[in-house]
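Take a look at these structures.
Both of the next two complexes hold chain A, though its partner changes from chain B to chain C.
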Partner chain A sequence: MSMDKMTRKDFFASLGSIVAGSTALAAFPWLTACTPEQDRLIKGETARLGIIGTGSRGRFHLANLLLDSSAKITALCDDFPPHLEEAAALAPEARCYSDYRKLLEDPEVDGVIICTPLNLHARMTIDAIVAGKHTFVEKAMAYTPEELTEMCLAWRRSDRVLMVGQQRLYDPKYVKAMELVHGGAIGEVVGIRNYWYRNNDWRREVPAPEHERRINWRLYSASSRGLMTELACHQLANGGWAMGGIQPVSVCGNGSILFWKDGREVFDNVAAIFQYPNGVNMTFESIISNKHFGMGEQILGSQGTIDLVRGVMYSEESIPRSGLEQLLRQIEQGILSNSAFAGTSWATETASNDKGLRFVDHVVVNDGASTVGATGDGSVELMHAFCQAVITGAQPEKIVEEAYWSTLLSLLGDRATREKTMLEIPGGLPW
Partner chain B sequence: MEFIYSTKNPEVPVAYARLDALHTRCEILLPRCTEPEARAQVESAWELVRAAGRRYNRFDPDSELSRINRDAASNEVGIDEEMFLILELCSTFRTATQGWFDISAHPGSRSDLGGEWVLDATRRTVRFSRPGMSLDLGGFAKGFVLEQLSRQFQPLGCALLSLGGSSTCGIGAHPLGESWGITVPHRYYPDKTARTFQLRDGSLSVSGKDASGRGHIIDPHSGNTVEKEGLVAVQGRSPMITEVLSTALWVAPETQRQSILSSFEGYEAWDILCLPDGRTRTLKI
Partner chain C sequence: MKDLTIPASRVRTELWSLAVCFGIAVLINLGSIIYYHTPFYEIFTQIGYTVVVTVILYVAWILLRLLVLLIRKAFRKA
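Right after this comes the complex of A and B.
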């Protein structure tokens, strides 16, 4: 996106073209509000927003919101002055606070965006909801399952909007992929693979040693659950979508501090297996001392495989496939895509080197290397959806439920890796 | 031969048909047709393709072209209307491409030695101006057949026709979009795109070395196969003209390409060079 002011039309152009009429909307009900019509209804209105926590992620959202004509940043808060000053330089008209409770008293704040360390999410979210603010909190929602329940119950008691920073919920290619899965394009779902590899120490620069735990809060167990809550939390929703809303019943795992032995307290490599009631396994693996495979999310079916990150579907059939045959399969699935087949002469392709069907055009492949946020990953759309919800006061359907399950699975996955045991996952929602 | 009729997408039923003929894979994609209509259209199309294969195959001693090549140097050879039209068109295209599209080019031939196929419209005959000449319609037949097929499918409003991937014709637009998106893959990295073309009632022809990296197009001036790297893609309304132009522009020296192209209004051409490091250099001619 250019530096020009984004229009609402820009935001949902790609989303709308894929989502419109999609049979997968039943699995993504929060998107039904994200229509150009809805934007026309709120045209000219702005959401007055305060950002609590202006570190890297907070400033990432701030930068996106400054390009959104439906957002007005009225307040900023951080108890670390350098971060607050950096944010204030981007939004000079916003009032600045060092205590989030003061920001919550600001009458010119309709909604708050909480981008603080994980252990602060529950308290700040509950306080914000009680203060009457519509609230967006970064993922994972909570530091413990108990806090997670408290947050959800506080939200249920209020009439405020609660949204969570899981940008995949607004990434069009996931909608299209799930439409293919639910339509039987890959047969029966037999496995779900998620992985996220990086090769960096996951550290931010610290101006002085006394700020180490504040700046690098992700590395310490008092403030973070490590790779499970920071990375797996994004990917574990894939299972629920692919399995038609059914959640896993158990999780086992393992992890260790293998390579980055620098005083950190959370694992630098983890592997967890979640099992669904019908026996399907969903895996998550993360290693941050090897980046070769980058980030991957795959739905494995008895007749095909969907690569969610690249937006490509592969067939198990060992039939030669020309460009026109690929086009036939795409039309069968309602996919509009450019077909790779022009060339100086025709050559057979076999399943062993099947290039697959690209089911969305213009896919931005995120390699997972960024520790802040990636272009085209749904973050922009997610922020705009929050602005929309703040203006209308309408809670996007099922979005808290999605966040609840993603957070619960990542928290129990973390516990399983730390205790090296198998845990049962409680069914049902706490409300 | 293969025929598939799919109603998996109930809003867009689609037929796919394939025939190995004209030394290549001929394919038809026909959306929004009933199955009986699609079968009838495909059968009619394949009849046309098979007939062209028999008629223009210079390796078949019984083909009309073989008869011409055998006898036209010593006698006037009587030919039917379609063959006369083809030879007339090829003569016109040779002139319009400044000699770079030439059906009399063959290994070892040299255009500077002269050589014409002389047509007599009154008697509908052809005669070669010198011994040793022969005609090869391989570089023209695909475009000519595709031109005929495009006229057959035009009334249906939506179809995609491909002869070997090097000659493609889009009737109307993709049933789910505004055009047919045709991607030329990167030569060294087939997963990457060298260039994408959008066809809507238009055609695309691609010329260059074949997939195995061998040159197969003859330079009419030297009689040698053209072995340079890269390919030429031509987009425009008529599949016959895009086929002729892509061949001529591939063979012609860079200094003459622009003037050749300027004789054909409404046609665009690109020089596409795929590099071993994954990059693509594209130059609009």
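Right after this comes the complex of A and C.
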């Protein structure tokens, strides 16, 4: 059995055990479209796919798809020959193009996977949909809110599938976590924390100086919105899930080029605060010159905390102690404490040592250091779901809405950090 | 080196002392269970802490007797 099949089997198994009777599944309707039953229905059929953009992320998807029996790579496209050659070596039967419009004219392509720089997403996605191709576009969806709206409207006018590269949507532990949140396990949601720390310059090796902006497009403002669209976009969906679909109404932020002063134009550290209508704040912080805390996503409740990345829930109640332990602790405190100086208002409230309760078995913990994609982060499942959707032509429910909000929040977050101002977030979908 | 002889009566006294200390430790555990409203099975599950309290009480008892002995000696000399 191939590795991907094992992974998918595990995914279905863990998903099945988690979502059976889950009240939170209503918030994750796209998962009901990716099932073993669906696999049986489309058995023997393949999605003929073309990949536009065969850089690191494109090749990551290509490698996963080559292991997926429901996918057939029929075309590849990149205007940077070394990347195209590397991809072609992995999929020698695929036709190669240097112009994506030529690929879109290829009748043997049912669906396209767009893994190009952010500023190209909108044009390519709209062209692909208009050309009648089912489309998967990497996150963030768009470079501007206006482009985002145009993409969504183009999709709404068509009968094609549109999916976006947000792999957390297919990570079962998020379903279980949200079931706990919505079931009241952590009480009232009082805060949402997201952070992503790395210690690397985010650069890729450049064969010649003239390719700098093409290869390191993430570092330049003409093609990228930096950390907000590349990293925050993944994490900002957590807030909507935890808050029952309610989206933030405002965002403020700050950022700077602090450490990597190498000619880049996007910030190497950002901090943004999104506020919900009821006053709850969701934070996102990213620094790429310190990796100690790695990647983290936490839902803070009045009675507990959920660590989404590790799949662990912590209680606000102190760890239950035996009567004898409590007595000894009280005696110890009576002997050692000095009432003149050790009043509670002086005591530092250090973090809890509670080891918490793991709510999902076999959690794959990623530290967020990979700049391409990590094992077990939902990417394989997401690609398989796209193959299913291409074969059936059925749009997974609410997936574009999720991507719309994540992208809009990250774009407005980026603007707030650049303008150092507070922005209002428009409510409602544009369609 | 001179052989030390511990009479059977001394051994018996010390064993009784240890048993009394253990009994007191169990009673302390029981008292704390009642006071802090914790489950009664802690009588068994907290046996480790009970043994620690037993040792503390026994050492305290030894120190107390040593102190009394020293005070007595001091008075005798005087």
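Here, the second predicted complex is superposed on the first by the 387 of 431 C-alpha atoms of A that agree within 3 Å, B and C clash if a C-alpha of one lies under 4 Å from a C-alpha of the other, contacts with A are read in each partner's own complex, and residues count from 1 in each chain.
What we mean here is this: a residue touches a chain if its C-beta (ideal position, glycine included) is under 8 Å from a C-beta of that chain, and two chains touch if they have at least 3 such contacts.
Quick caveat, the model's predicted, so the values are computed rather than measured.
Novice: Which chain, chain B or chain C, is in touch with more residues of chain A?
Specialist: B
Novice: With both complexes overlaid on chain A, does A:E325 touch chain B (first), chain C (second), both or neither?
Specialist: In the superposition, A:E325 touches chain B and chain C alike.
Novice: Is A:G334 touching the first partner chain B, the second partner chain C, both, or neither of them?
Specialist: After superposing on A, A:G334 lies in contact with chain B but is clear of chain C.
Novice: With the touch criterion stated at the top, can you tell me which chain A residues are shared between the chain B interface and the chain C interface?
Specialist: Of chain A, residues 322-325, 327-328 contact chain B in one complex and chain C in the other.
Novice: Residues of chain B touching chain A in their complex?
Specialist: 4, 6, 8-9, 11-12, 14, 16, 18, 24-25, 27-29, 31, 160, 162, 164-166, 168, 174-177, 180-185, 190-191, 193, 196-197, 204, 206-211, 231, 233
Novice: For chain A, which residues are in contact with chain B within the complex?
Specialist: 322-325, 327-328, 331-347, 355, 361
Novice: Quick one: which bits of chain C touch chain A in the complex? Just the residue numbers, please.
Specialist: Result: residues 28-29, 31-38, 42, 45-46, 49-50, 53 of chain C touch chain A.
Novice: Tell me, which parts of chain A touch chain C in their complex?
Specialist: Going by the criterion above, the answer is residues 322-328.
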